[in-house]
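Both complexes shown next keep subunit A, but they swap its partner, so subunit B is in the first and subunit C is in the second.
The block that comes next holds the complex of A and B.
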């Protein structure tokens, strides 16, 4: 770090030299930084500030202390919504975490069709999010029109209800989200797999280690870091799930697929309660921040 | 078989694949992958095909998997009925603006943080890259910002500008650009500087031509992500005549579009929304696969 010494005789010249050296850099990055202030940093500060005010429309009317937080937390639906959000996260860890990893491990072993597998599994990623929701909503359609019930018809079972079944709705939404998103993680795992030290495999072969032993003792330890990283990213992402329940179920049936993100959205843009929305936002923000810190502690521990 | 022998990487090598036991494992993995790739394709194919069914066929018992006839006429009908071109045009406007803001602003920021490194760069890096890890607090404060911009007090909702501005401050993309520029040998820049080239001259004459790979990757991901973008376009542009395709799909499915489409018609619209990025993907799939590795962890 350069230091500015104002006391010395050449102080003024020093400062003008300093400005001359840095001015083009500062000017080039200024628009970008102004946008960051406007779009990223200022909104965070606003949320933390306004969460303590009663708002009328977009105006803060009066300071109410923790009242908004109290309102949000004591809302009759809050516990159910929190429980649902945790369910989303758990189902996504169960379905969405192993799938891209295993797919990548298997694709890495392939001699033929590698490109085909990669191409088809990444294809859903480019489908617009709302289109994905619609596709799956129609697959899950009640009656004979949906693909799932149509297939089941040929096995002489059904028709069942899917998204409108309160026990199935969250896992079914997670299935559609996994379908859409697992291609990206699969490619990331694949890249990490390609950096495995091949001589370890050679050595293990000489020692007579079989397929599974190599998988457990060489491949998994090598991949542990990236698995953990992607898992945490997934938890943070799914914890904020909003669009999918909004489009697929609107939070129903009977609030069974309501998530914290969707509640937040409804507070703001359905009920016009901006103060509550920000209070809820601050709560989930702090929770996720803790999660991020825990992750970094874990990460450092594993890397030592 | 020649190729199998040559395989040296991965859990199984070519020689092992000659033994029956490992061939079974290989076969099982191949079968699972085929199932998985079908699972990725079938929902899309089903929607493409079912869009051509009549509403009666849709609900017939026993269910029909394929429509009785495919007529291009149906696609044209629905295209005209909902004025699909309008939504396509709006989506393109969103994408083009986002692309310009993304490349110019994030590109310059990455360049400054990589090459010029003015006083305070370390602090800016901490602040910018720190935000990558932050979860979003709430959409409200940003929405309020767009409704009433600070200082100028302008209402930007109903214009594409908020979406473009958002594309213009992306910490991930700044990092991508910075890392790429870090890889350009310093000697080139030194030589140009000695020849009397200004910072901006160096950027235009040397950095830009060398940056083709990163520009391609940025462009591809910006286009795909803008095409997928839904929540903010919906909040900013909903029912203003500037709706994008994602907004159209949502209003159709939530019944607020006032268009009254049948299920097969909805499927046709869904198909229309997938075809453009699908073609884009087919053309650029190689760069996309490479780009994922370049970008590391992204979205």
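The block that comes next holds the complex of A and C.
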């Protein structure tokens, strides 16, 4: 006990010494720390707490234990929604992960117009998400009014159904998300590509290695870390998909594009069932916590 | 160096303090204290205030605000442009951020009582003499089980068929007197829709599918096919009751419109705005809607008002119902007694009185007329049970009426129609389930109607009715 007290006292002294030494730095980060606690941690903690209560409006009126979680998990649409969310993630890995990588490899190989392509590919990132959704919604619209169908009509093909086709709706939404997020991922890949040991690269060129050989034997092993990190980041991001199905399909047709995030939104903002919304938020949070943990472990491993 | 370090600390502390003050000032209160502002005036925040894009209406309301405040120097009217939206209302009400006087559709009449966000205005209604002159059925809708009243009607309407006269004429659907043929049954509506599609290439009918609007509109059709959606059992619990042959017939009607007659709009992802837009931009000849939306077609989509006609809700094989709708005024439950008194003074000033304020009615209708909005000779569904008031309204409006009433007579007569309110419990949840059913029917040619009907009923029962407190 004595030792522990001494240690603890020493620790306190060390901490207070650290604060005193860097008082200006601490004072400067204090507002953002407070803001972070108020805006990020406080709502998370409140959501955890309220998830165990029946709520009237935003007031917790009665402790109900795990009832809200039971209500959410026994909802007949829950499994379909969870399945859809996983589908979003898988399609995003299939479409959203390799395309920016390939674009980055192509730009890396380019000698001219590198800046132009980087700029144009990054441009969609600055378009607000809702605007992107509306653009793609118009593109995918059924009938001859839809832009895609209008183009096909020009070639005497179609018209086809797009977002209202149950089997296509999630991949099509992912295509729009990939278009918007393409630039960021491409730049991250490009940065990693440009940090490749150029002497190794040049040597392989002199030794007569073609593009694909350089790709498989030099680039890919070097890029494994960043690809894995971006994959995890993408899984975390896409797992929360909400605005895209909300704007483009409303979760339809018949729940085919409903995600956990959108269900959460509907609980809170369509039905005013904040208790269920909190419970579903906690469930999603736990999923994401595990994924984030994996991300940080991988991040540390690759940075080492 | 030491001096520089000290100065740096001072600057850092000052910067931190400035940022903190900035942050904390954002958390300040609105300045209201027990319903009074810093000048000691009673504050009443009035919602649905005209937006600055509608300059003429805003100017008139600003003038009203000044006139009212001159007549009531102890009251401060605070404009608030909040307009009810299903996406924001739950959050706004839960967070106590509604204006002091706000408007909601009839569908929220009971939910605002359950949520505790509306003040009990029974005594004020009696005092103002409104209980004797407002429609009794409407008053019942705004009351709780003890007969206490929490909102008062502003407008009322019945759902009907909105018609694009040009498209009807192109399809030859015209009577001898030049008026368009209003469909009398849902079968007739489907036939007309197919004929219009065939003759003009434009969709004869549009059906909304998302954001709960699809379910809300389908309700009208289903009721007329004999469907009852929910019933309360003896033990007070609710049971979903719509998986019946009548509901299958309703869905079959919709299926035929889509797949056999090809009469619907191509787009199958249609929310409330897209629904009105489809009609307002001439992409569909008929939709199920009320007269309140006619002006949306004119002002938002630039539709010629003379192209619009309205017919009553068609009759179904089992019944002839139409959904009753409208707007209600409600007062925030946290208002003080003197704020409630002040709010009623404002409502009285704005013509919510048993006796018509002729000057205000003239000014408001003249504004509508000048802005190119439709002015009907009288309210086609009035909230007032007072024939003398209606006659007075007709007299005042006469110079401003800018439509041919023949285009609305069928709707206004509403012969044989029984008005019905929306389902009593879990209405929005029901609409959401029905949205899914509609989407399945419209996107899946091989749909198994009895199977989706059963699944929808089970989902509604398990996910919503069984989980009610």
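Note that in this section the second predicted complex is superposed on the first by the 258 of 304 C-alpha atoms of A that agree within 3 Å, B and C clash if a C-alpha of one lies under 4 Å from a C-alpha of the other, contacts with A are read in each partner's own complex, and residues count from 1 in each chain.
Note that in this section contacts are C-beta pairs under 8 Å (C-beta built on N, C-alpha and C of every residue); 3 or more make two chains touch, one makes a residue touch a chain.
Keep in mind it's a predicted model, so treat the numbers as computed, not measured.
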item	value
Which superposed partner A:145 touches (first subunit B, second subunit C, both, neither)	both
Which superposed partner A:15 touches (first subunit B, second subunit C, both, neither)	neither
Which superposed partner A:66 touches (first subunit B, second subunit C, both, neither)	neither
Which of subunit B and subunit C A:298 touches, first, second, both or neither	neither
First (subunit B), second (subunit C), both or neither touched by A:56	second
Subunit B versus subunit C as contact partner of A:253, first or second or both or neither	second
Superposed model, subunit A: greater residue contact from subunit B or subunit C	B
First, second, both or neither for A:274, with subunit B first and subunit C second	both
Partner chain in contact with A:31 - subunit B first, subunit C second, else both or neither	both
Partner chain(s) touched by A:284 [first = subunit B, second = subunit C, both, neither]	first
Contact residues common to both interfaces of subunit A (with subunit B and with subunit C)	23-25, 28, 31, 35, 58, 137, 141, 143-145, 250, 268-269, 274
Footprint of subunit B on subunit A - complex, ascending	1-2, 18, 21-26, 28-29, 31-33, 35-36, 38-44, 46-48, 50, 58, 99, 103, 105-113, 116-131, 133-139, 141, 143-145, 147, 149-150, 153-154, 179, 183-184, 187-188, 191, 193-194, 196, 198, 201, 205, 211, 214-215, 219, 229-230, 233, 236, 239-240, 242-243, 247, 250, 264-265, 268-269, 274, 277-278, 280-282, 284-285, 288-289, 292
Residue numbers on subunit B that touch subunit A, as the complex places them	3-4, 7-13, 16-17, 22, 25-26, 29-30, 32-33, 36-37, 39-44, 46-47, 50, 58-63, 65, 105-106, 108-109, 111-113, 116-122, 124, 127-128, 131, 133-145, 147-148, 150, 165-166, 168-169, 174, 198-200, 224, 227-228, 230-231, 235, 245-246, 249-250, 253-254, 263, 266-267, 270, 273-274, 277-278, 280-281, 285, 288-289, 292-293, 296-299
Of subunit C, residues touching subunit A in the complex	8-9, 11-13, 15-16, 19-20, 23, 86-91, 93-95, 111, 115-117, 209-212, 265-269, 271, 283, 428-429, 432, 435-437, 439-440, 442-444, 452, 458-459, 462-463, 467, 469
Sites on subunit A touched by subunit C in the complex	23-25, 27-28, 30-31, 34-35, 54, 56-58, 71, 74-77, 137, 141-146, 159, 161, 163-166, 248-255, 266, 268-272, 274
